[in-house]
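As written, the chain order gives the labels A, B, C, D and E, with residue 1 at the start of each chain.
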Amino acid sequence: MSFLRIQNISHTYFTKKSAKTALSSISLDIEEGSFISFLGPSGCGKTTLLSIISGLLNPSSGQVLVEGRPIQEAEEPLIGYMLQQDYLFPWKTIEENILLGLRILNKSNEISRKKTFRLLKEIGLEGTENQYPKQLSGGMKQRVALVRTLAADPKLLLLDEPFSALDFQTKLRLEDLVSATLKSFGKTAILVTHDIGEAIAMSDTICLFSSNPGQIYKQISVPEQLRNLTPFEARAHPEYASLFQTVWKELENLEK
Amino acid sequence: MSFLRIQNISHTYFTKKSAKTALSSISLDIEEGSFISFLGPSGCGKTTLLSIISGLLNPSSGQVLVEGRPIQEAEEPLIGYMLQQDYLFPWKTIEENILLGLRILNKSNEISRKKTFRLLKEIGLEGTENQYPKQLSGGMKQRVALVRTLAADPKLLLLDEPFSALDFQTKLRLEDLVSATLKSFGKTAILVTHDIGEAIAMSDTICLFSSNPGQIYKQISVPEQLRNLTPFEARAHPEYASLFQTVWKELENLEK
Amino acid sequence: GKEEVQKIRVAEVTRSIFYAPQYVAIEKGFFKEEGLEIDLKTTPGGDKTMTALLSNGADVALVGSETSIYVSAQGSKDPVINFAQLTQTDGTFLVSRNKVDNFSWDQLKGSTFLGQRKGGMPQMAGEFVLKKNGIDPHNDLTLIQNIDYANIATAFASGTGDYVQLFEPTASVFEKEGKGHIIASFGTESGHIPYTTFMAKESFLKDKQDTAEKFTRAVYKAQKWVYEHSAEETAKAIQSFFPDTDLELIETVVDRYKKQESFAKNPILDKEEWNNLQNIMEDAGELPKRISHDSLVNTEIAQQVTKK
Amino acid sequence: MKSKSTHIEQLHKQYIESLIREKRIVRTYQLFIFAFFFSVWELSSRLEWVDPLIFSSPSKIIELLLTKIQDGSIFTHIGYTVFETILGFILGTLSGTLLAAILWWSPLVSKVLDPYLVILNAMPKVALGPILIVALGPGFTSIIAMGAIISVIITTIVVYTSFREVDPNYMKVLQTFGASRFVCFKEAILPACFPTIISTLKVNVGLSWVGVIVGEFLVSQQGLGYLIIYGFQVFNFSLVLMSLLIIAVFATIMYQLVEYLERKMIKSSNQ
Amino acid sequence: MKSKSTHIEQLHKQYIESLIREKRIVRTYQLFIFAFFFSVWELSSRLEWVDPLIFSSPSKIIELLLTKIQDGSIFTHIGYTVFETILGFILGTLSGTLLAAILWWSPLVSKVLDPYLVILNAMPKVALGPILIVALGPGFTSIIAMGAIISVIITTIVVYTSFREVDPNYMKVLQTFGASRFVCFKEAILPACFPTIISTLKVNVGLSWVGVIVGEFLVSQQGLGYLIIYGFQVFNFSLVLMSLLIIAVFATIMYQLVEYLERKMIKSSNQ
């Protein structure tokens, strides 16, 4: 049985006057330890789908099962969800922000705290512990939000454009970091991105979405050779370029 | 005399307890009609510099001259500044949001309004006129903010990561659109981006920033052949790949 | 053996020199002599005083007798009984803006008269006096009755009205400051009425009759004391209750009240006074229904006390 | 495709029905509380759990109200008070918002006046009676002024606070278009604060009633505040409570009007 | 590099100096307004532009205050009132915030109670005097209750409004960590609303004073409210105005304490 089963999910946003269908009949099975990317035009419902998977939003129909059970019934929180904007708590210092998850989950101890601070260091933000979010730049805040999500050590990671505000170098470094972290602990992850290269370099499967209403248009498997490389190495691999072309074409088709 | 002169700008952020130097001795001359990109690590002060150029922030020292005069003394607003986040007014419809600049500048008339709606259409958001920002996805909001900035028809355009939340296709289309619009009206533009490819494809000059404190590390001229191509075509040009490598190396150096 | 000191909670409707004998009784230790300890609270307004009494927040209330009639007219299982009278005339004065030499009530005709607020004893007594002197208060003069008790003086001082009906010490202050001239006393004109009276619930009087008697005795002692001593002595005795008023002013006021016998000479509230009160109320259109003297007044205690 | 769109329409209908159903539940609970309150009151008054002299009872109050409706006198009283309250409300809210705008306009003025606002806010307004009477005479205007005074400072403080809390980036957007401080205020600060202003309005509706009633305590021979004072004077608590209930009814009506205004003005809140 | 960092230090010193300078200017203006107000008052009273009997004058008030300080009586009055006010303030604020939390907790309860809150808000609390006396007796507790009652509903409404306006995405962040509604409240809603709560606190400081003074109008034998009522009674407006001024002073002190609290608690506002 798959780790995560998305069964026939549809979602429509209602207001008193209008109805807008964001997702229609999405079904998807995701194995434990795999890495999925969602690619698709802006407004096709990717954020909506993540919200539904995380249990924050109830879909109009369909259900999501994690390890065979609805997400709400999980004994302990399995999911780490990094929202499309950082939503750091402005009244907490960076340190308080990143330790928040641990504290709420009652997992705060010497070891987990040390691990979190190491993450902060690896992500290039050592020394900002006592600052407040508004003293950081956009990209720095995004990285702090990533640390906050990773720190809680979730089994399933939902990342909504986590690297969008980062410079290229930092982005590559973080891709490697996240990828290594996930692989070594066998975690499952879903990544929303607009960067085809990122999707190819990081994931095992790429889901292409079409819009109006949001649907899965195609699933593309990333070849074995690429999967076992770090994202940085993957970008240099010859297979990468050809897969980039394929995905690119598919997206072109989608536009029509 | 250059259109925009940035003279020895330094900026330090103060709080009661601390001081953080974000920019140090930045000087730069920008010709009318040229397109400059700012590339650099997260937190190196790019947003700060744009704020100073736009006149929203007073630098600790140095001055900015537009057409030989301080920006505050300009008779009519010359500058269009698109902030790093969209900041659409949540209580205004999309239509009201994009027409806002025109209205404030008293330039609202049949023609300018038509032009603005055409822009909205070209950018792929026809039909959203009567919706409110929170009904749109992240990328859609960013595009609306771009239309709002372009609609006011500024002479100097400051764009802070305008394409960060967009899917690849849309991004390419918008790059072409913005580039064509600017070229045909001979406008000057400064673009902050983290995408090396984007910087190369769109600009005439690329400024590389180093951080702590933010300084201009290097200016790289984009070869004539690339400049005359649309961003989309430029990406396919052989010069593109080699320039990409150069910039990439420089940024690597910077990290050390 | 020594009797235990008994605590009596008294709620007074306002702090006024008009109630001088009460303060004398406290200050001169008349209550103490009877083995009573008085816990005096000011509960501004007859409604609050009566509420305090009805809800057992106070044992004894010092308030206008008309209140007991209002209460009883609405029916009450444990009626409020008047048992000791403290003042026996109205306490207000007619103050004129201009100096008047040969005052006659007729001069009020056609003038603007700033009266007390409707429904209260001062207003009823005021109208009663006007009528008694042949003036129809609603036709012969412009009657202003819309101002709160505490603000009437201000309104007059800032130019409203030719004549005003004022309490002490305001009337004396106005005279002293040259803002007006006291030209008549409503107290003298109204005749004897039960104006302010100590009241308690019937059950209290029944259960603790001897306490009520002690209380009344102390009041009676004070009443006698006030008439046996000079106004100056009285003023001195009660000064601690009026810390921010000139001793001289207190004396003037005490003297004025004493002269017109506003302070009751004994705590007995007799039938004649009672009916006079009801007549005045009836005239003013505020009497809900006539209530007999013996159902709301207990004269036994007072009589007992004064006999000795 | 057709079947799909009708499916959505159906879902939409369900959604709207669920909204209606929720509203019905809310109304039921409200009615229940209402009925419960009044029946407990009536009962405990009848059984003398509470002193019926002080607490009166719903039936007595209704009886009294009916006689007052028959002789028509109640309408004059209501008319007076409602008129005064509306005027006081409008005056208080407008001048409070205006003051807040001035404070926002000039940071220096706001810093200088800050402690004075506090002091004014802490002044027991009832004690200002004499000053009002001297300044405005013992009449109508004093009452209306009392209704306005009681809400103006609180409005100023609350609205000014919310002005200051608007994300400065909205102003930046406008400034890049060369907007003046006035335009920034009109386009960003004011609309961003509409929810707060409206919620202050809702509070002010209440305060104006309090103010006018207190004003009527000071000077009046008409109006519900007068009835209350008179009721106290003649120890007729049925009259007092009747007036309080009428105030409750009218305050609710005014509140509903403000809410209606809210729905009209804050269009974007159509979630 | 050394010279550079000292340069920055110098700039930083300049920055802090400019903050101090601004504060000094503000203080100067405030003092000026203060002096102006009192001298105009003194003057117009001396020259009888206003009636000195009603408006008294600063010199007379100071004189009175001095005698009261000498005999020590003023301290008892102040002590009583301050104590009552602090209790009323704490009670009102705490229960208001608690009520707001309950409303936030249960959307149904909040919808059901909404109109009732409005009605309670519009009730002239002064008219509740007799009911308080019945419930709590003619004493201390009634006064404190009045101080609390007058601020509790307004606190509830304002704080609840701000609870609702917190960006729901902060709650989402916490929910992804499996946070319960209580944790969400504690970690996101409450701290996000601290600025509003503190600004309500500032308003409540004022309201509690008003409440306690009004309470002392109902029942008392001590306290500044008693002095006011008594001052009216014996037509001694110096006494009334002196009491009002003392109230102003103490309200300001309490306000400053709340501000101090604000600085301590809202650490992140160190712009």
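Quick note on the criterion: a contact is a pair of C-beta atoms (placed from the backbone, for glycine too) under 8 Å apart; a residue touches a chain by one contact, two chains touch by 3 or more.
None of these values were measured; they are calculated from a predicted model.
Taking the definition of touch as given, a chain qualifies here only if it contacts subunit B and subunit E alike; those chains are A, D. Interface comparison, B-D versus C-D: the pair with the greater number of contacting C-beta pairs is C-D. When each chain is reduced to the average of its Cα atoms, C sits farthest from subunit A. Relative to subunit B, the chain whose mean Cα position lies farthest away is C. One simple way to say how far apart two chains are is to compare their mean CA positions; for subunit A and subunit D this gives 48 Å. Each chain gets one centre point, the mean of its Cα atoms, and the points for subunit C and subunit E are 39 Å apart. Inter-chain spacing, taken between the CA centroids of subunit B and subunit C, is 84 Å.
In subunit C, the positions touching at least two other chains are 45, 47, 51, 54-55, 150-151, 154, 157-158.
Multi-chain contact residues, meaning those touching two or more other chains, occur in subunit B at positions 15, 85.
For subunit D, residues touching at least two other chains, in rising order: 51, 54, 130, 134, 217, 232, 237, 270. Counting only pairs that meet the touch rule, the chains in contact are A-B, A-D, A-E, B-D, B-E, C-D, C-E, D-E.
Per the touch definition, subunit D reaches subunit C in the complex via residues 48, 51, 53-54, 129-130, 133-134, 137-139, 217-221, 226, 229-230, 232-237.
Residues of subunit A that touch subunit D in their complex: 12, 14-17, 19, 21, 60.
Interface residues of subunit D, counted against subunit A in their complex, comprise 8-9, 11-12, 15-16, 19, 270-271.
Listing the residues of subunit C that touch subunit D in their complex gives 45-47, 50-51, 54-55, 67, 70-71, 74-77, 117-120, 144-148, 150-151, 154-155, 157-158, 160, 286, 288.
By the touch rule above, subunit E contacts subunit A in their complex via residues 167, 169-170, 172-179, 183, 187-188, 191-192, 194, 266-268, 270.
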